[in-house]
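Heads up, the next two complexes both have subunit A, just with different partners, subunit B and then subunit C.
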Partner chain A sequence: MKTRFSVYPYVWRVPLLIWQGLFFIGPLALMVAMSFWLVKNYRMEPDFVFKNWDKMMSRGYFWDAYWITLWRASLAALLATLIAFPASYTLAFKVSDTVRRWAVFFLIVPFFTSYLVRAYAWQVLLAESGPINAILGYLGLGPFTMLNTGIGAMVGYMTLVLPLVVILQTFSLAAIDRNLIEAAWNLGASARATLFKVIIPSARVGLIIGAVFAFILSYGDFVSPFYLGGSKPPTMSILIIDTTKSGQQWPRAAVVAIMMIVTLFTVAFVAVGAAYGRRK
Partner chain B sequence: MRMADILSRVYVAALFVFVFLPILTSVVFSFNSDRFPTVPLGHFTTHWYETAFSRPEVWLAFKNSLIVAFCAASLSTMLGFVTAYTDFRYGFRFKTAYLALALLPPTIPLVIMGLAMLAWLGRLGLSGTLIGIIIAHTVMGAPFAMAICRMRLQQMDPALEAAAWNLGASPWRTMASVVIPFSTPALISAFCLTAAVSFDEFIVAWFVSGLNKTVPVMILEILQGNVDPQINAIGTVVFLTSITLVILAQLLILRRSAT
Partner chain C sequence: MTIEDTLVTFEGVHKRYDDFVAVKALDLEIKRGEFVAIMGPSGCGKTTTLRMLAGLETPSGGKITIGGKCMNDVPAHERDTPLVWQSLALFPFLNVIENVEFGLKMRGVPDFERQPRALIWLERLGLKGFEKRRIDQLSGGQRQRVALARSLVTEPEMLLLDEPLSALDAHLVIRMQGVLTKLQKELGITFVYVTHSQSEAFAMADRVVIMGQGEISQIGAPRDIFRAPKNRFVAEFVGRNNIFAGMGQSGGDIVVAADRISVSREATEGASVQAAFLSEEFVGTAIICYFEGPDGEDLKALVTEEELEALSPEPGEQFWLSWAPEAVHELEGA
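Entry: the complex of A and B
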């Protein structure tokens, strides 16, 4: 547009660079550096040693935490995808546009409301003497131990991720060209064949992105495994909190954090690659 | 209606019940007299609200939360808007990297942000201050604000700005009298949503807050003790606040896409 130098574009471009540099990249870079530092007399001293890495990598409890977190987050992503799909399918194909808009409207609300208080509510609901067991008791069932088990943690993960997964799936299903589906029917495809050969492949990107978000959120979550899952064995995030809060061992917590970020990004890249790959 | 259609609607309804059950539970038990909540319910009481809100530290926490939410939301909205405008208006080298930098924070687990912020703010001498929490919440909120502003700018005819320039308005003047008025609903909506994000965030706040506790941090600390129905009372107030903010934000988004 203009050839002479103008300050105008930079006023809009630069604030983000400064802010993210100072308060996003800076802290993360410090954390990486910190993982090579040493703690002496309860104070961190800059250094470049691999002691923290050796310490964490050689401990059984670290790998227990690593695998249980990976396993639970994968299970949560799979469950959320399966539980959400019938609902998303209904919202995408069986209801009017207005109903769908309102449904999405109400699904956004819980995502931005206190997850902590919702987890506490589940703690009350799932307790041995809580309302759910009381109702099951009238039916002659239970009581079941749900709190402080893997089930409790999974209920918490679903509370956290289901609304988002349903929204993402609904959008991707609603965006499918209806002619494609009708064509499949006209050509005599069964409902099952239409679902698996037309609808699911067309909505692949949205389905995978939904699962990836479910994975990311569950993987990093600390509330559900701690308050609903009983924190035994600890997950990676519980390990970070324990290491930071009790032992002042920030460098070792940084090691756990870096392992988490590497794992998350690997999973996300592989999954997004699968979503967009082979799609000509 | 066919059987399958009815079943599929029942399924959707069940999923909504699951999603909203914890919120409803919290509200119902906040008015219930029993200390250990179960069914059948006890009688109606406002006792837990009275107990909770007679404590000065609860009021202090609400004051802290409001200050943090207001400042973090203002900063996030400004940062989100300038970034969204940059993305809308300009192409430049490394723009993909620039946008990745802008949108990356929500993918980093909060526990990790908490640890990194704790160490970094400590170096800057800001740990344990409300400013530290405001900074952390701005980092987390700005991507949401940017997304909302970007969607709004998408609806603006790019020729509108060019027209203003041709009529002799400076870029600054155009920004002030064309772009910002057009984006106002998005700015308000981004403000509400990022305020809700900040108002509910507790992990990073817990890491960096020290003695200046916000409401969710206080809830977290009460939770580490015993069952305490005061949490339901405080939680209900927190829910009402953030639900109001989120619904307000969404109504603005819906109304503006209608016009």
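Entry: the complex of A and C
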């Protein structure tokens, strides 16, 4: 049977394609192209040279930044997952629906204030002469240098990602069929065994998605490593700022950005595969 | 009945939620190797009773013993009271054999021993070759059997079943009823079966416990409950009964089973009432005719196809429903 050609579906697809082309594919293509351009006298000239890639890939500081960013984002994802889990577990299983709804609302509130403002607040709190060190001082500890270190950056990452990770985990835990948990007890599973053998496997998708969001947000963030981590060693995002500031090296910044996108895509792809993939 | 024959006792067990009494003062004994069905309308406390037996609910008062031991403070995971859930509650992230092995694993049975034991049960329930399947690749009946295998693999003394057949198609229900009764007879273990379905309870159980509003209304063999319901609630719940108010010798209510009613166009000798024909319903080999009695009560009579043809009733027509004196069962209470 011959299907009649209809333009109708194509017409409706066009806006989406234009949108994707204009705001996603276009800039991405431009950035890839730009990474082959040349900068002469502080001005970019379209070209096709591998100089930028050569320069960045052969430098130790690029790879230092690459690995430190990957490491910190991975650590942030792991820490956020571990810190959020007890809170999410409590919200999902130990409180009433009303309390859970309010808790989720209050978890959204932090997003109302600028993340930059919250990072600045930590600058005060974490300072050598700040309140946290003062309290630790009473206990005969410290003072500790937390500002402008990896610890400072990590505190900032947690500020950024924890509310979101708790929300994602809470929803996935609350969605678990309670009969499965009772069935586990009924079959002789202790509370601990139920947690590891039934609850965590059941919430696997939500837990992994939460960790992936924590990774992505921390990986691309520049506020925390800049204002709380002291930008030393620089992360990839700080490297982009530095590169563009020093001599208008937009093509080299494009190289860094492309490497970031490739890494994020790989991590997200592997993680989603692990979340939804069949078990071996 | 000796002490050894008794597996489970409920002594004055009640369960109260904040402002709601689910079970009040329940006394019940269940023997070893018995198939007991707890039956009642929804909200009658039957599932709560079963959950208390499994340790998933703690009684508010009273005492539950299993094998002579008080179970009130024994947590669910330390009891050997596997339950087959209405939703089956199979673990979707585990395959068939991993589901079946779960209980063994939790009891610390070593790896090399778990698999053969699980395989025996899969084979016994006709699931050979399905070991590696995911749960979502199975049909409803197959899932049912995986749930049974998972519960029975630890070889418990007692199996609890919470409306396990209510999600199945009618023809599968009949087949699973056969599987369950055969299994229970072969294993010789106690089955405690909760259902709202009279046909399931009566088809399988040795003894039926009828519950209503948190209390036991009657306990007895299916036949006794059907022929001699104790009160109006049981008579109505069991169905296929006609209840005539105030027609007993002492002025009480009487019950006449639908299959002991004869229908005719003319008035007959002995006990009878006149009733208007409403409709008919084919139930396998016989037909149930529905009538409206003089006081608006619902009446029913079981007739054969030939009888129906001879009567050829039209809706609204008056008939005489009569019964023999020996068909009458008097209810307790006025």
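The rule is simple: the second predicted complex is superposed on the first by the 255 of 280 C-alpha atoms of A that agree within 3 Å, B and C clash if a C-alpha of one lies under 4 Å from a C-alpha of the other, contacts with A are read in each partner's own complex, and residues count from 1 in each chain.
FYI, a residue touches a chain if its C-beta (ideal position, glycine included) is under 8 Å from a C-beta of that chain, and two chains touch if they have at least 3 such contacts.
Being a predicted model, the structure only gives us computed values, none of them experimental.
Asks: After the overlay on subunit A, what do you see for subunit B versus subunit C, clash or fit?
Replies: Verdict on subunit A: subunit B and subunit C fit.
Asks: After the superposition on A, what does A:188 contact: first (subunit B), second (subunit C), both or neither?
Replies: A:188 sits against subunit C, while subunit B stays out of touch.
Asks: If you stack the two complexes on chain A, which partner ends up touching A:36: first (subunit B), second (subunit C), both, or neither?
Replies: Once the two structures are laid over each other on A, A:36 reaches no partner at all.
Asks: A:53 in the overlay: touching subunit B, subunit C, both, or neither? Say first, second, both or neither.
Replies: Touch status of A:53: no partner.
Asks: May I ask you to name which of subunit B and subunit C touches more residues of subunit A?
Replies: B
Asks: After superposition on the shared chain, which partner residues are touched by A:198: those of subunit B (first), subunit C (second), both, or neither?
Replies: A:198 contacts subunit C only, not subunit B.
Asks: For A:219, using the defined touch cut-off, is the partner it touches subunit B, subunit C, both, or neither? Pick first, second, both or neither.
Replies: First partner only, subunit B.
Asks: So, A:158: does it touch subunit B (first), subunit C (second), both, or neither?
Replies: first
Asks: Determine how wide the angle is at the CA centre of subunit A between the CA centres of subunit C and subunit B, giving a multiple of 10 degrees.
Replies: Computed angle, apex subunit A: 90 degrees.
Asks: On the overlay, how many Å separate the closest CA atoms of subunit B and subunit C?
Replies: Minimum C-alpha separation, subunit B to subunit C: 15 Å.
Asks: Tell me, which parts of subunit C touch subunit A in their complex?
Replies: 54-56, 75-78, 80-83, 85, 87, 89, 91-94, 102-103, 105-107, 150-151, 154
Asks: Sort out for me which residues of subunit A touch subunit C in the complex.
Replies: Contacts found on subunit A: 177, 179-180, 182-190, 193-194, 197-198, 201-202, 204, 279.
Asks: Touching residues of subunit B toward subunit A in the complex: what are they?
Replies: 5, 8-9, 11-12, 15-16, 18-23, 25-26, 29, 36-39, 78-79, 82-83, 85-86, 89-90, 92, 98, 101-102, 104-105, 107-113, 115-121, 123, 135-136, 138-139, 142, 171-172, 193, 196-197, 200, 202-203, 207, 216, 219-220, 223, 227, 231-232, 235, 238-239, 242-243, 245-247, 250, 254
Asks: Under the definition above, what is the set of subunit A residues touching subunit B in their complex?
Replies: Interface residues on the subunit A side: 6, 8-9, 11-13, 15-17, 19-20, 23-28, 30-31, 34, 83-84, 86-87, 89-91, 94-95, 101, 103, 105-110, 112-125, 129-131, 134-135, 158-159, 162-163, 166, 216, 219-222, 227, 237, 240-241, 244, 250, 253-254, 257, 260-261, 264, 268.
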